[in-house]
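Note that chain A is present in both complexes that follow, paired respectively with chain B and with chain C.
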Partner chain A sequence: MIDLLNAIVALSNFVLVPAVTYGSQLALGALGVTLIYGILRFSNFAHGDTMAFGTMVTILVTWGLQALGVGFGPLPTALLALPFGIAACMALVLVTDRMVYRFYRAQKAKPVVFVIVSIGVMFILNGLVRFIIGPGDQRFRDGENFIITARDFKDMTGLREGLALKTTQGITVVTAVIVVALLFWFLNRTRTGKSMRAYSDNEDLALLSGINPDRVVMVTWLIVAALATVAGTLYGLDKSFKPFTYFQLLLPVFAAAIVGGLGSPLGAIAGGYVIAFSEVLITYAWKKVLTYLVPEALEPDGLVQLLSTNYKFAVSFVILLIVLLFRPTGLFRGKAV
Partner chain B sequence: MSESVKNTGLFALVALLIVGTGVVQSWNTALLILNMGLISAIMSLGLNLQWGFAGLFNVGVMGFVALGGLATVLVSMPPVPEAWAAGGVGVLAGLALGAAVIVVAVLTYNRMPAGRMRLLAMLVVLVAGFFAFRAVFDGGVEAVEDVNPAATGYLGGLGLPVVLAWPVGGVLAAGAAWIIGKTALGLRSDYLAIATLGIAEIILAVLKNEDWLARGVKNVNGLPRPVPYEVDLQNDPGFVDRVTGLGLDPVTASSLTVKLGYAALFTVVLVIILILAQLALNSPWGRMMRAIRDNETAARAMGKDVTRRHLQVFILGSAVCGVAGAMMTTLDGQFIPTSYQPLRFTFLIWVMMIVGGSGNNFGAVLGGFLIWFLWVQVEPMGLWFLQTVTAPLAEGSALKEHLLQSAAHMRLLTMGVILLLVLRFSPRGLIPGR
Partner chain C sequence: MSDPFLIGEAMTGGYGRGGPDILHDCTIAVDRGEVAVIVGPNGAGKSTAMKAVFGMLDLRRGQVRLDGQEITALSPQERVRHGMGFVPQTHNIFTSMTVEENLEMGAFIRNDDISGTMEQVFELFPILRDKRDQAAGELSGGQRQQVAVGRALMTRPKVLMLDEPTAGVSPIVMDELFDRIIEVARTGLPVLMVEQNARQALEIADKGYVLVQGRNAHTGSGKELLADPEVRRSFLGG
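Up next, the complex of A and B:
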């Protein structure tokens, strides 16, 4: 019995908690991708770099606040700086939309042209972020490190395995829940949100009903900027900030959005967790959990790791491919243009 | 101004830029740009086959280029007999077993009636097969990697002349493209883009982690060269006499000679591929590809096998990228998996092709040279620009130092701006295709 509890705690500590955290970050990123796809109808390759830009501004403001001696008690100062990051990111996406995308929207260009244009934007943002903050690793986490440390947990429960809960993990999940709740409230209950969904479902019909497309597009960009900045900041707090890593996040984020069904917000969230859990489960070394569960004679010799952690991209990709081959519209029936 | 005059002018301009580099900076730099420009032009041609001819959105160029690099190692490095003796059989048996498992799984899927049983049977085959594969494969890998890990720790290559690696790189990339095309080509363009992006990352992950194959992140150095070494030339009295007769310093002359040798080899390859691509474009096959690109449904209604043609052109384009990748690794003389980055090896090639003119082979070649020239030269130009701008700032001020340090990142910014400007004001590129 105790062994079973130990196994559950070890599993939570090394698999469930990290996967839920990572999944929440991916879900927020994927929501941004999926909204752009639903409303503006293209795959935004610049999304990873949009995340990086918002996070960069947050980091810079965080440093400023830290220099002024402003803190947030046990919570990271970055949360105070987050609104500034979001505002800057909103300004950025509105400027890019005005200067770049609007021209092609007016021309009714094909979606693939938008994708190529977003590659150009990706280059610019990538260069901009590296230019301002440099290509290196940046840490900006402060405040308490843990909600519960592994040792406290062991003392409390008397189990051999500890369950550590990092502050950043708690913050990620709580923030993600709040943000998603706000987003769904907005999409389902407000007039603007409803017009966005109408526009996404049927553009012509929405235009006939007198919905202002410019307004819908603007609101979409604003929401996407907020989501991207929050996702990026949470990821950076939890791990660390490096421009190249954020560019690479594009793949799992897209995988999450596609697995869930592009254009479906609910799908993006589900997709985020599917990708995160499969990445963590398949690259986790199961030895520790198994030693508690199986009789001693059967104890494994190796690490019982299905794939080395370096292959985590491969996992998200294989999931993506399986879903595309067997259910091309994704789990939640997104749109297939 | 007629079409051909304008195009000749554009090529002359690029030639002038490179020669100008030779006069202003040094001939060494100019030849470096020329050599990588030749390789970039080939990559751009390969991508143009896929996007310009057939409208396939491939953002996995990096993966094929890296496979070409792998071919260079596998063909030209000497084999490591101890490693083969220790674990060669295990590794090969493991790989064969892995391939067999996949074949059996696919057969199960194709032969059994659809339903729950089929899914279950396929899963059983895959899971059991995976564990069997790891059991056989891991032992072999461990044995191979334990053989003198500081110097080898891999199986080595075939010890053949390095030029043979170029076609082999193409074949390797073509093989990978076949597997990818079989699974992913049915997807629509956005999905294909993400799929190829992912596959390129996976290929890189394999190259970084499978030490038995090409030493992973420990890199393979000292690849054989198709041209003589500088030191040998400097020690050759005949060579020294000749160049001093021309009034050149033997050290500089040897380095230039080596680079010119590479340039000659690369030019031969570029010309061959360009001629083939041009013949293909103007052949009935090329017209069919363009018909498919412009209206897939209509082409299908005319009885064209769109899926097969897509697969064909995807393989051809990837093979060209693989050849270019092998040539690049040969030029570098070393294989460094960590140096492959998607911005540089996938998206920059896209910029080249779009700027040059997608659908036009000469456009793709022009874009390859022009963008590569800018990619190299924007850094010093950016530094000069920032020095001028920051000149009024106090010496040693933090802002000034930061700006000067960041000059290197100007190139990404510039590439983005160029791409957006071309897409906006000349969306079909400098030399538009038909």
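Up next, the complex of A and C:
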């Protein structure tokens, strides 16, 4: 019985909690991708670097606040800096839209042209972020590290396994829930939100109904900038900030959006967790959990790790392929790619 | 004779700027309290004529007037604001949104209270009241057409234009839709529609336009056209 409890705790500590955290971060990223796809109708390859840009501004403001001696108690100062990051990111995407995407919209360019254009924007943002903050690893986390440490947990429960809960994990999940709730409230309850859904559903009819496309596009970019900055900052707090990592996040984020069904916000969230859980479950070394569960004679010799963590991106890629082959519209019947 | 409420007069034009002409000197009009239908063989330019009245193609010659005001240069969106309600033949509802949201979006240009108009639409199409919280894409073909017409009515248009409202629905549903359209027209709202089912459409029409190859071939009241031996022979199967 105790063994079972220990197994559950170990599983939670190493798989469930990290996967829920990572899944929430991916879900927020994928929501941005899926909104752009649904409303502007292209796959935005610059999304990873948009996340990096917003996070970078958040980090710079965090450092400034830290230098001024401003803190947020046990919570990371970055949360105070977040609104500045979001505002800067909103300004960036509006300028990009005005200078780049609007031209192609006026031409009624094909989606594939938009994709190539977004790759160009991606390279520019990539360079911009590295130029400003450098290509290296940046740490900006402060405040309390843990809500519960493994040792406290062991002392409280008397179990051999500990369940640590990092502050960043708690913040990620709480923030994600709040942001998603706000987003769905906006999309389903407000006039502007409904007009965005209408525009995504049937552009011609939306125009006939008097919905202003410029306004829909602008509001979409503002929401996407906020989502990208929040997702990037949460990821950076939880792991660390490095421009190249954010570029790499593009694959799991897109995988999440496509698995869920491009254009479907609900799908983006589900997809985020599907990808995160698959990645963590497949790259986790199961030896510890199995040791508690199977009789001694059957104890595994190896680590029982299906795939090294170095190959974690392969997991998103394989899931992506499977979905595209067998259910191209994704779990929630988005638009076919 | 005074100008009809909505008239597309001597329209000549086609899709795109360099495209060939589809309409040749074609005139379509509807007056207050009337149902006017455009019928004709396949490819006669029925839908094109209606789209021309709604501003969806470039007219080389001719003009469109609404309530005496020239609107030839206005975009379809601006015409909606001037009181024209248009129901396209396909893709005429927001499939992922609920019936009620469809109606709300129809009234997007209005800033006043829309609940009264929505109530009128529900009275006209009682089935929509029961299905108001259901996604419009899940409804049957006839119900979807009711949503589409309801959406257009939400702007409180001064004239309603329907592009083949009965396309793809069963004969029973078709009869019911025609009944509803007559009901709409009885409220004083002029209705201009394109119809594939010429006989049924002419039966309810105050005015009929038979188009052939983008030209007015026959024009008259619905009864006159139904009685015209030539119209009968060529379009109504004797």
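We take it that the second predicted complex is superposed on the first by the 336 of 337 C-alpha atoms of A that agree within 3 Å, B and C clash if a C-alpha of one lies under 4 Å from a C-alpha of the other, contacts with A are read in each partner's own complex, and residues count from 1 in each chain.
Heads up, the rule we're going with is that a residue touches a chain if its C-beta (ideal position, glycine included) is under 8 Å from a C-beta of that chain, and two chains touch if they have at least 3 such contacts.
Please read these numbers as outputs of a predicted model, since none were measured by experiment.
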Max touched-residue count on chain A (chain B vs chain C) belongs to chain B
In the overlay, answer first, second, both or neither for which of chain B and chain C A:I119 touches. first
### Task
Answer with first, second, both or neither: which of chain B and chain C does A:T233 touch in the superposed model?
neither
(message) With both complexes overlaid on chain A, does A:F313 touch chain B (first), chain C (second), both or neither?
(response) first
Within their complex, chain B touches chain A through residues 57, 130, 183-184, 187-191, 193-195, 197-199, 201-202, 205, 208-209, 341-343, 347, 350-351, 354, 405-406, 409-417, 419-420, 423-424, 427
Residue positions on chain A within touch of chain C in the complex are 191, 194-195, 197-198, 200-202, 204-211
Interface with chain B, chain A side, in the complex: residues 42-43, 45, 100, 103, 111-113, 115-117, 119-128, 130-132, 134-135, 244, 247-248, 250-251, 254-255, 258, 262, 306, 308, 310-311, 313-314, 316-317, 320-321, 324-325, 328, 336-337
Listed in rising order, the residues of chain C that touch chain A in the complex are 76-77, 80-81, 86, 88, 91-97, 101, 104-106, 108-109, 151, 155
